[in-house]
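In structure tokens below, several structures.
First chain A sits with chain B, and in the next complex the same chain sits with chain C.
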Partner chain A sequence: MSKLAVKICLGTTCFVMGGSELQELPEKLPASYKKLVSISGCPCLGQCGAAATRAPYVLIGDELLSEASIEKILKKITEKLNHAQ
Partner chain B sequence: MRNSNSQAVHLKKEILVRLAAAFLGGDYPQAARLIPYDMRPKGSEVPFRCCIHKERAILKDRVIAGMGFAIEADDEKTLLSEYAERSLSRKRPEDQPLTVLGAACRGCVPNRIYVTDLCQGCVARECQSVCKFGAISIVNGKSAIDGAKCKNCKMCVNVCPYKAIVRIAVPCEDCCPVGAITKNPQGLAQINFAKCIVCGKCLAACPFGAVHEKSQLIDVLNQLKRGQRVIALLAPSIAGQFPGSPGQLKTALQISGFSDAYEVALGADITASNEAREFTERLDSGQSFMTTSCCAGYQELLKKHLPEIVPFVSSTRTPLYYAAEKARRENPVALIVFIGPCVAKKMEGLGNPAIDYVLNYEELGALFIAQKIEILSCPETPFAQESSRQGKNFGFCGGVAAAVSAAAGRPERLKPCLIDGLNKDTIKQLKKMAAERTCPEGNLIEVMCCEGGCIGGNAALNTLKLAKKIILEYSDRAPEIKGL
Partner chain C sequence: MFIDIDCARQKKYNQHAYGDYFTSRRYPDTGRLIAVLSDGLGSGIKANILACLTATMLLRFIAGGSNIQKACETILNALPVCKVRKISYATFSAIDCRDDGAAQIVEEGNPQFIWLRDQQVLTPEHAVITSRTFANRRMHIYQLQLARDDRLIFCSDGVTQTGMGSPQLKLGLRRAGLIEMVLAKLRGSPQISSRELAGYIVAQAQKLDAGQKAQDDISAVSLHFREPRKALVFTGPPYDHSTDNFYARIFQNFNGKKAVCGGTTANLLSRELNLQIISALGQDAGRLPGISYMDGAQLVTEGILTLTKTAEYLENNELVQEDAAAKLARFLLDSDCINFMVGARLNQAHYDPALPVEIEIRRTVIKKISRLLTEKYFKKATIQYI
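And then the complex of A and B:
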């Protein structure tokens, strides 16, 4: 099974609006998820032009999360993993 | 204390982004006037306050602070468009960099110890017997506190077997290390500027986001628009606060209109060498310890609360001072803008004629966002003068002491003692050192107002851990500081 890809936007807007902190996600990920999820940073996801104030954005699988926080991301990951099973 | 990524912080950043966009968009006064309406348009949800009108009124106040004006002086009649005009004609920023939004302040209950409904009216009544001040009586079978007698000692809180008694916190007052926040007759927070050391801890602590910095963002944008030559001085803590490397950041600044950028780390090299020399001289002459002097919050503390320790404080100037001096010398007609992590440095900027403006990282971030500058796609531009590894490490706790130690040579003589954040306890510790003329923990006392050092400043954008990691990676490539 391919891993669930989590892409944290590190474009200027997302980084400044709080995306910087999301880079701690790998440490906050439950051990049981480690084999199932791949986390990476990525350049601007192209969302900030229209709605900069809803940054930071994170892409989880094919779903876009706005005003992302570690908690919101973990919740979405759990949802996706449960759904995949 | 660093702002966490809470909604209050997000909201403050959003105001700055919208303000910068309003300025850049053309009709600035009109666009600024509309910010509260754009953020809460007709019929929109009201996430935080009682009604849309109050939300907009508070957003208006936030915009006023974002334009650099004191909310305390607002007459409520002046339109945002008029403030916008004023912000354009202002010759220099206003004096006090902090302001409290009365309308946003919750007016947290001042009565601190509170018996909740969980009180069972038990037979033990330990709360009553433990209270040394006779402040607890039993009313209708439950404990009641006489506010006039209560001294907030928390003994009752600790003994209640039901945990029914709590201490109600007033976050801004609690975090202020010098008791500069009091309540006005309406019960709203106000800052006593005679006591305030501009540490910015209240900014980060208030859950209602009622304390703001008076931003100089519009002043800087205005100078850039006029085509002025503007030089940016980048605090050492900036590595790790934006995506990309400091070299890419320099390019981003040039795209946004700055003519050049210097690393304040080169000033830090001078500070460290001078401080190393001073340390050696002072110890030779019999003094038992010396404290560093570069932190702006600490400087305010010295002036307002701790004059007795001044004879033990290094008289060396700050890295920013030396960097600004150099930038001024090399660019006599340019405007000098310091970009740093905290509000205290705004105070230092206001007191130094070589520094025209100070922006914090949130404000610079807003400027980049409004200008749609992608730092990650910028090429590297090298800095004209290379600074040392130790100078680049000035921005985290322990970095200054390590730099002074390396510059002093003879490391066996220097024993660092790190004051990692000013609070009531560490201020007591400093007072004790001054009174006893000695410090048992060390002889070079590095004082950082913010926990973690400058990377923990109130406007830092990254976590302490990540920020420090990135600084270390960056400084690792730099040459060693020259010894004495």
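And then the complex of A and C:
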């Protein structure tokens, strides 16, 4: 099974709107998830111009998460992994 | 061509001040560089003041429009004589060099400079002018035409006289010994920077002195006439979308080091040039976004936050950090001619009142960095708005 890709936007807007905290995600990831999830940065997801949603953005699999926080990301990862099983 | 010049110095042991003084200034508009090395009589504070005065006045005279020969002659005739030793208060070497290679050098009292080309020492013609007021003062005037990769070495007598009296070097290192030392170093490191070469000469000279303690002030100036190290910084997407590919190609074909500052800009290059970007997460959350990697670019960073921090680092001379901004600062300082390709397209999201006020306008930050590079670090910086 391929790993679930988590891409954290490191663009200016996302970074100042809370993205900087999201860089701690690898340390906050439960040990049991480590083999199932790959976390990387991304120069810009190009979403900051969207009027309806707010930064910071994270792409989890093919789903875009806005106003992301560590908790929201972990919840979404759990959801995705459970769904895949 | 670029004139890479630097000086290294060592104080005479037991002294708290340098008795030699070096000053240089670049004039980017006219492609001119003026530098002066002066050795004050004696050592310590007195020598420091004498050398500093001589070098600073000379540089100002030459820069103020005086012909270098006239400026030096004025100083030559005006320098007082030490009552005890009956010799001049300070010696000097003055260099007026242009980036087309035309150079004028005037020396009074310092060891003769060394002109190196392809591992050979060149012997330039020179004229001698004797002071009208002091018969024992003579200045030597040289007119040179430098070629690519030529080097000039200037030094105070602390270098040529090091080790004097020791069994190996009864008369000191002398000019011949210095030439041998420099040529050997250049054989091993032909592209060594002026900063490193000057540092090497001073360190070696100190080692040769009795007890490895500098017996006199030791200074070396290295000048390297070389191809400029060019760099391009691409930051911000072009105003007109339809020119994205055009500027991406300019970036791709640029012959030199390249940096990208900005997520949108990195994505643009990735899309137009079909290059993959790999982003690392930053080391410390809350500081700066980490750097990314892309083929064809030496450095890929986030935009405004990193640039703002880079300007701060350059202003405060803080270059040892390991974050993206310090990496960018070092990238800039390792280059001689830097072109900033600054996109004028605005990122509307940056104008959201919810964002912290630190987000400055890209152009303002780039202007600040460019000014610092030119005025503080003697680089040639240009800004191109696209």
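Side notes on the structure shown:
The criterion applied here is as follows: the second predicted complex is superposed on the first by the 82 of 85 C-alpha atoms of A that agree within 3 Å, B and C clash if a C-alpha of one lies under 4 Å from a C-alpha of the other, contacts with A are read in each partner's own complex, and residues count from 1 in each chain.
Here is the rule we use: contacts are C-beta pairs under 8 Å (C-beta built on N, C-alpha and C of every residue); 3 or more make two chains touch, one makes a residue touch a chain.
Note that the structure is predicted; figures quoted are calculated from it, not measured.
Residue contacts after overlaying the shared chain place A:P26 against chain C, while chain B stays out of touching range.
Using the contact criterion defined above for the overlaid structures, shared-chain residue A:I77 touches neither chain B nor chain C, since it reaches no partner.
After overlaying the two complexes on the shared chain, residue contacts for A:V37 are found with neither chain B nor chain C. Judged by the touch definition given at the top, the superposed model places A:I8 against chain C, while chain B stays out of reach. In the superposed three-chain model, the partner touching more residues of chain A is C, compared with the other of chain B and chain C.
Using the contact criterion defined above for the overlaid structures, shared-chain residue A:G46 touches chain C, although it does not reach chain B. Of the two partner chains placed by the overlay, neither chain B nor chain C lies in contact with A:V58.
Contacts of A:S69 after superposition on the shared chain: chain B is touched, whereas chain C is not.
By the touch criterion defined above, A:G18 lies against chain B but remains apart from chain C after alignment on the C-alpha atoms of chain A.
Residues 10-13, 15-17, 20-21, 23-24, 43-44, 48-49 of chain A are contacted both by chain B in one complex and by chain C in the other. Contact residues of chain A toward chain C in the complex are 8-13, 15-17, 19-26, 39-44, 46, 48-49, 54-55. Across the complex, chain A meets chain B through its residues 10-13, 15-18, 20-21, 23-24, 43-44, 48-49, 52-53, 67, 69.
By the touch criterion given at the top, residues 262-264, 266-267, 270, 277-282, 285-287, 289-290, 292, 300, 302-305, 347-350, 352, 354-356, 358-359 of chain C touch chain A in their complex.
Across the interface of their complex, chain A is touched by residues 5, 9-10, 13-14, 17-18, 241-243, 252, 362, 365-366, 368-369, 372-377, 461-463, 465-466 of chain B.
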